[in-house]
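What follows is chain A paired twice: with chain B in the first complex and chain C in the second.
And then the complex of A and B:
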């Protein structure tokens, strides 16, 4: 016990650098996933068939591929094809692209879940489709998006741990390099696990409170 | 189309896939006329008035309204025409369909501000005037969920009127309401009728239809069974189908007795 805490203290500065990287990656990948996911959802709901097909194809294919393979493709395969991405950029593209497919489906489901009468009422009032979407449909879809979206966010944080395989210095990367120096894999991975757990704890508490707030404001 | 006629339907037919909803419906509505459409459920009444403001397309026939001429079939109506129709024809739904994320007054202000680009202050003022008219000014900052059905429907009427429509469509505005709340909504509609609004109203309230409507249309079995001045049609219907329908709604006890008698007979008399 004594030595473990000593080792933790010794490597904590490295881990904290990793925490910074993990948070940055999560933030950037989330942004990509939200924006691109929203575009995917609109494309799948579009009456223009080509857009619908392209988006559906993307979602179905990307969802089926393990994230690790996507990360390798973004880092190694694209480089082989001549497009060299740095580790963090490849990580953001890979994770963002994967989570965009998941978020796209969440958005689409929530938009479709808004009562048809709402759409009809907006149409009967002469609102163009874009106005109906912005002012009537999306604000209502938001409440259906929130719980599954926050759920996926905690998955995203955990999946960022895969980026150590493409040489990005996140928490997992720091744990891996520490344990290869002191040969204490149990202690060093435990610390990484504790940090991820703290993330999860803070995030879930924070988001749960936000959800509650939103729900309360609505009624 | 004479100047006075604002809606003119000619041989309109509508199907959902292979299912016929209504066929050969022809109807003229004059300015300031109130037309009530009554009839058994499934006769196609609601779908018909939804076709008038083109929430649904129709398959055959023509529809002239507000200077536009629409023909049935697959041909696409230009978006600008659709929007012009939607802006000038107000609609009130059976299920109210208020926007749950907006307060009462925001519900009423939204379309004038977004569609007509009316300044907020003006939209607010007009919304308040409408709420006064239906007796709900004190509810302006409440969310629709907190209102009774009758209040929601009165707000929905305000929301439609805020666009200053030339024609109002009512799709069974009182059938989702508790009986004691029906009166307040009918009162608001009656007031509109007195002010000279052109209205098409699908309803099950026969007494109200008789009192407010100029013309009554009875739709049954996917077509118009009879149509004419309200009192005439409701009091002395000429066609058999209309008589049958009216005898059922106007004398429910009699209809119940007939039903029991028919059942008993079919089961081989009293046991």
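And then the complex of A and C:
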């Protein structure tokens, strides 16, 4: 126990660098996923068939492919095809692209979940479709989006732990390099576990509070 | 193209291993998951809390970290697993954490009225569970169970990191040998895509059949 804490203290600065990288990747990938996911949701809801098909195909295919393979394709396969991405950029593209499919489905579900009468009322008032979407549908859909979106965010943070396989220095990467120096794999992995679990607890606490707030506001 | 053809057979063998591991771990996770869900809902208080924390830890830690703790971490305290054993232990340990929540939600989904009605008819609690609650819960559980099987399949991609010779492992070796990262990783993606789609199809068919019981 004593040696474990000593080793933790020794490697903590490295881990904190890893934490910075993990958080940066999570933030950037989340941004990509939110923007691209919203576009996907609108495409799937659009009346233009081709857009709907393309978005549906993208979502169905991407969701069925393991994240690790997506990362490898973004990092190694694209490089062979002549598009060389750095490790962090490949991670952001891969994770962002995967989570865009998941967030797209959340947005679509939430938009469809808004009562039909609201859409009809907006139409009866003579609002154009885009204004009705912005002023009537989206504000109401927002509260339905929060809980599943936070849940996916916590999955996204966990999935960033795969980027050490494409040589990005996140928490997992630091843990692996520490354990290859001191040969104490359990101790070093447990420290990473503590950090990831803290993220998870913070997010699920926020999640619970958010859900409570939503319920209060809607009732 | 030549490379792709050469590796098609190798991938096939690796894919069979992944499928076998997915099936075995799913069956074990479901059995243990049902027991744990029953413990979580109806067991003594201490057991309920222990299972709740187990679920939190499995859900809170990254998959790869759990696998590494089992394979590399336990090595430090003298417990040594082969890659296959580590893979199986992890997939089941992870699967139970997710299966518990699926079963718990499914069991709670069955309306209280059903329970009360069967009690009123004089059915024993165990008969109520077996004949009334569980069949109805199963229908509600099918969609999350299908995604659970796909999740387990996708988790097998991580196993090459502890030296388990599956599709990803062969892909890595192939890329090292031929430098053809493009076709080899895309092919691996296609293999997983096809298996996932098949699982989804099977799940959909079961849901359609189960809908008759609604």
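Just so we're on the same page, the second predicted complex is superposed on the first by the 211 of 219 C-alpha atoms of A that agree within 3 Å, B and C clash if a C-alpha of one lies under 4 Å from a C-alpha of the other, contacts with A are read in each partner's own complex, and residues count from 1 in each chain.
Operating definition for what follows: contacts are C-beta pairs under 8 Å (C-beta built on N, C-alpha and C of every residue); 3 or more make two chains touch, one makes a residue touch a chain.
No experiment lies behind these values; they were computed from the predicted model shown.
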First, second, both or neither for A:136, with chain B first and chain C second: first
Touching partner for A:118 - first (chain B), second (chain C), both, neither: first
Which of chain B and chain C A:128 touches, first, second, both or neither: first
Touching partner for A:184 - first (chain B), second (chain C), both, neither: second
Partner touching more residues of chain A, whether chain B or chain C: C
Parts of chain A lying in touch with chain C, wherever the complex brings them together: 61, 64-70, 72-73, 76-77, 79-81, 158-159, 161-162, 165, 172, 175, 179, 183-187, 189-190, 192-193, 196-197, 200-201, 204
Of all residues in chain C, those that touch chain A in their complex: 56-57, 59-65, 68-69, 72-77, 150, 154-155, 157-158, 161, 168, 171, 175, 179-182, 185-186, 188-189, 192-193, 196-197, 200
For the chain A and chain B complex, residues of the former touching the latter: 115, 117-118, 120-121, 123-128, 131, 135-136, 139-140, 218-219
Touching residues (chain side chain B, partner chain A) in the complex: 53, 55, 79, 83-84, 86-91, 93, 95, 97-101, 110-111, 114-115, 143, 145, 159-160, 163
